[in-house]
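First the structure, which I've put down as structure tokens, then a few questions once you've had a look.
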């Protein structure tokens, strides 16, 4: 019984690339949130994946409240879910992280605790089942050798737009300027009258919201489930570290690279093997090239 | 004399644990057995975290190495209990030596993430090589793999009483090793590295070598706990190598008091009990883990015995 | 059956207990409870259900069926005049928790029988512990390991047919009606491996051929990446999937294949607890599924099936009577109901009064040869192979038509019988 | 043979030549002071000597042996001890434990046998007594007065039984009375060890040093006995000018 693939190499690679792009699109948004929080606050947020999960679960809840067209429910979820997640993140920042004075190792332990609190509370309130959200629209794109979900292609485009939006906020608005100043040197920023504490809270909320948006986009493809936060967390870690801690450009580059390579490796080999390779890669990058593959050496 | 007081206290604790089997219910005896084996794991973890100040988020890898080292030897090669245990111990020593050589080049947050990633890779590898490891399903060990004879005395780990006393003995050995490491001059060097690494280097200590030694001893104790757990309860599974087991041992240690020898034992017993009781009330019993972690970090960073030592008993090791 | 042997066993055990604990402990609460158990205390059934983890949707319905069934039995006088107490623990669909939970049942709850495990990797880890703890362990799983002789005297599978028998009995129909070149998509653990191994054998025995085997981790959430492995000359895709991602699995399968698809034969597991009316599942129209018990009430439904549905709270579409979108795991959960009645029957045969009569209970269970279709066995008649501790019953092949599943073929019990592979459990010591 | 010597020792940070081709020798038994304006490269230079940082070029010789590639802890083992510019002790450990860490380092040197507890106690006691802190052994080092913390640091240096003791600005932050005591202490230490001292306080330098090395912009500007250095025009220019 030899395993031989149905598709020729060309279409096979094309499908793998599409899968990789979808993964990269969602991953970019999620990892960007993690990277932003690390870059500005120097805090590793282990609960980041749970914000992603919350985004998806809330999307299910919001869209199930709306009768009628699935598009309406989805659009409402796209707005409401990140806002609620942002508010929860803001509260956790005020109640926990600030009290720890953002001490790096303590915040990791605290956010591990936060991870369990969010995940298990969701289990209590939402239950252990996986639930689906209907896509706002559905069409099937017929390629010569296989079919593909049109919605997935739209996810790629939507992520690119959101990415541009984030870039605009960071580069062209006062909020972005303040964030970049705080990231560069928080003490000097404080001396110039920037309310660093408030910036931290905003950044933490914004990071969580990016994860939530990514989750809302993904939930018509995957189902909302209380354990779905772990994979995006690990992948985001991988992306942020390989891209260079705190470097937004590096994060985007690494997300595309990891998303694509994971997507492609998963199709050609085994998804588990792809994950083993990337986790080992991350460990080695952190040891031997701590500034990341695309980062510059720290000041 | 401080040393006598310290040794006396630890002997007393072990004697109480030994005596407990005559008064507790069947279920508490079973639970205490599990607690003591996991306490060995926590004692090992604490040598690295509490004394050398290295916070690993990947110790499940070493527990898992011991578990699978022993379990696979018993399952595939029909090794007897002593040989399987040695195989588990050797596997965890080897894995911790290799990981230590690489991970100890980093510190702080990077060290936490590197250890976590290695452990995750190990966990995934257990799933990937499912032909050997049983993957998600794990492997139940045959009953024959759990009974052995020493000096004409047959020890059957399937027997609850025997198992309990083996656990007491193992914990005694672990605490003994802990005392040896901590009370001797070498223990002072570990604490010195935790408090001020650069100064310690400039006092002429090979900091890397000391850390590596602590890492390997810690990994070995974790592996011994894993090997014992597998052989005692006749099952090895990937869950034991998952990140949750890395986090629970951190929690045990933090709760009891990092950097105190008995802290992890106390923390393991309390937390295990809490989780077990919570699981009777709700499936979301890990909620307890979350709240205790956050609470400890915010209000009680030194844990129970750490606070006791600061306030009342400075001589506690 | 309170014969001398059993009474002797009682007194010996009591004496040992007394010696072991000492007279001082006789007043302890545990001892009092034990003493009461001799007279009027309820029969305690340990139920390790998959409340969380990849089996959660099954676990919820297993629990609902068990609760309804126990209420029914209790309202009709219980077992031997004693009520049943159901003690449920969550095992997280995790083999490790499974082994811990059964120890808890033995040591803390001191249950009479444990029943209700479904996922075969949990069963595989737990069954050896049950044998060691000498607790009767009745699984509601389709794993082949029990029938293969991999376990012990204490482990039974009396409520549902095993995978090997299921696929042997269906393979001829598949090869004659759908095609001979088959690609098998299966979850990559014991249950999936049973499908892989025994369906491959069965289809080859029919002159068919397996063109590809596609294993998928049971925790996977994204599936498109696996589908390019489906060879283009495949005539039948045989799919069986479990876990939280099953809806995604079928949706993505539909997306990938489109209208020019080969024939699809799925185990209902792939859409168990999933509403067939979900968007994007239209492509399933005209495909086939195995069902252990038809989800949609069929024309000529038996009175037993009607009674069973009403009692467990399921409507004629297999959904909860409270919420038509909450679809049950109908094809599997009858096994809980039937297993409970098997426990009742064997306990009554043994005049069971307490755990010291475990041996009599097991021997009684091993003396049963068949069950007729009845209120106690609404899925249909079954025969029980005591040497293999395994029951064999009818299987149903259904076709999706107009958004519902209509049975098109019912296998005969004899279609699924096979030679005994392992030892005779009855010859193992108790 | 000189005790400690460097040949063409350099250390560059990016474009900055912190230490630039220094040839230096230290004879056994002397008290040597290194002086120079801020940014002259003094601390970088002694850090190269004791191995805390690696040189860009050049070599370090100890008793004629090339130790350039030797890691810092091995050089401490050979007898090159360093006390930090900023007080650098273990604040949460007792004074005893602080000094014991140094003592067990020198006791354990080159041996595999376990360290005897009595020998250790004796040695720690002697070092603490030498700096006048014998009665503070049980106190937490971080809770001691600042001057005493500096003395703990010196006691640690002593307990290492070094051949060369490098003191980086040891009198910084001490009162005049403490400085006087300190000078007496250094003279006592000098009976058994060679001393290399970075110091800004010229009174201390003139009082203690046998010879003085003046550094400026990473190079050695002048070297000689105190009176010669006092008279050197280049030195005056470096301190006063530019």
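Per-chain residue numbering starts at 1, and chain names A, B, C and D are given in the order in which the chains are listed.
Assume a residue touches a chain if its C-beta (ideal position, glycine included) is under 8 Å from a C-beta of that chain, and two chains touch if they have at least 3 such contacts.
Bear in mind the structure is a predicted one, so any value in this text is a computation, not a measurement.
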A correct list of chains touching both chain B and chain D reads none
Quickly list, by label, the chains bordering both chain A and chain B.
C
With chain centres set to the mean of the C-alpha atoms, which chain is at the far end from chain B?
D
Take the average of all CA coordinates in chain A, do the same for chain C, and state the distance between these two points in whole angstrom.
39
Averaging C-alpha coordinates per chain, one finds the centres of chain B and chain C separated by a number of Å equal to 37
Intercentroid distance (Cα basis), chain D paired with chain C, Å:
77
Approximate Å spacing (C-alpha centroids) for the pair chain A, chain D:
52
Residues touching two or more other chains, restricted to chain A: which are they?
123, 128, 272
Residues of chain D that touch two or more other chains: which are they?
none
Find every residue in chain B that makes contact with two or more other chains and list them.
127, 283
For this structure, give each pair of chains that are touching.
A-B, A-C, B-C, B-D
Note: in the complex, chain A contacts chain B through residues 44, 96, 99-100, 104-106, 108-110, 112-121, 123-124, 128, 234, 237, 241, 270, 272-273, 275-276, 279-280, 282-284, 286-288, 290
Would you mind writing out the residues of chain D in touch with chain B in their complex?
50, 52, 71-74, 76-77, 81-82, 84, 88-93, 97, 100-102, 104-106, 108-109, 114-115, 120, 156, 160
Quick check: in the complex, which residue numbers of chain B touch chain D?
184-185, 188-189, 191-192, 195-196, 198-207
Would you tell me which residues of chain B are touching chain A in their complex?
55, 57, 102-103, 105-106, 108-110, 112-114, 117-118, 120-121, 124-125, 127-128, 247, 250, 254, 282-287, 289-295, 297-298, 301
Mind pulling up the chain C residues that touch chain A in the complex?
51-53, 56-57, 59-60, 200, 210-213, 217, 220-222, 224-225, 227-232, 234, 244-245, 247-248, 252, 255-258, 273, 278-280
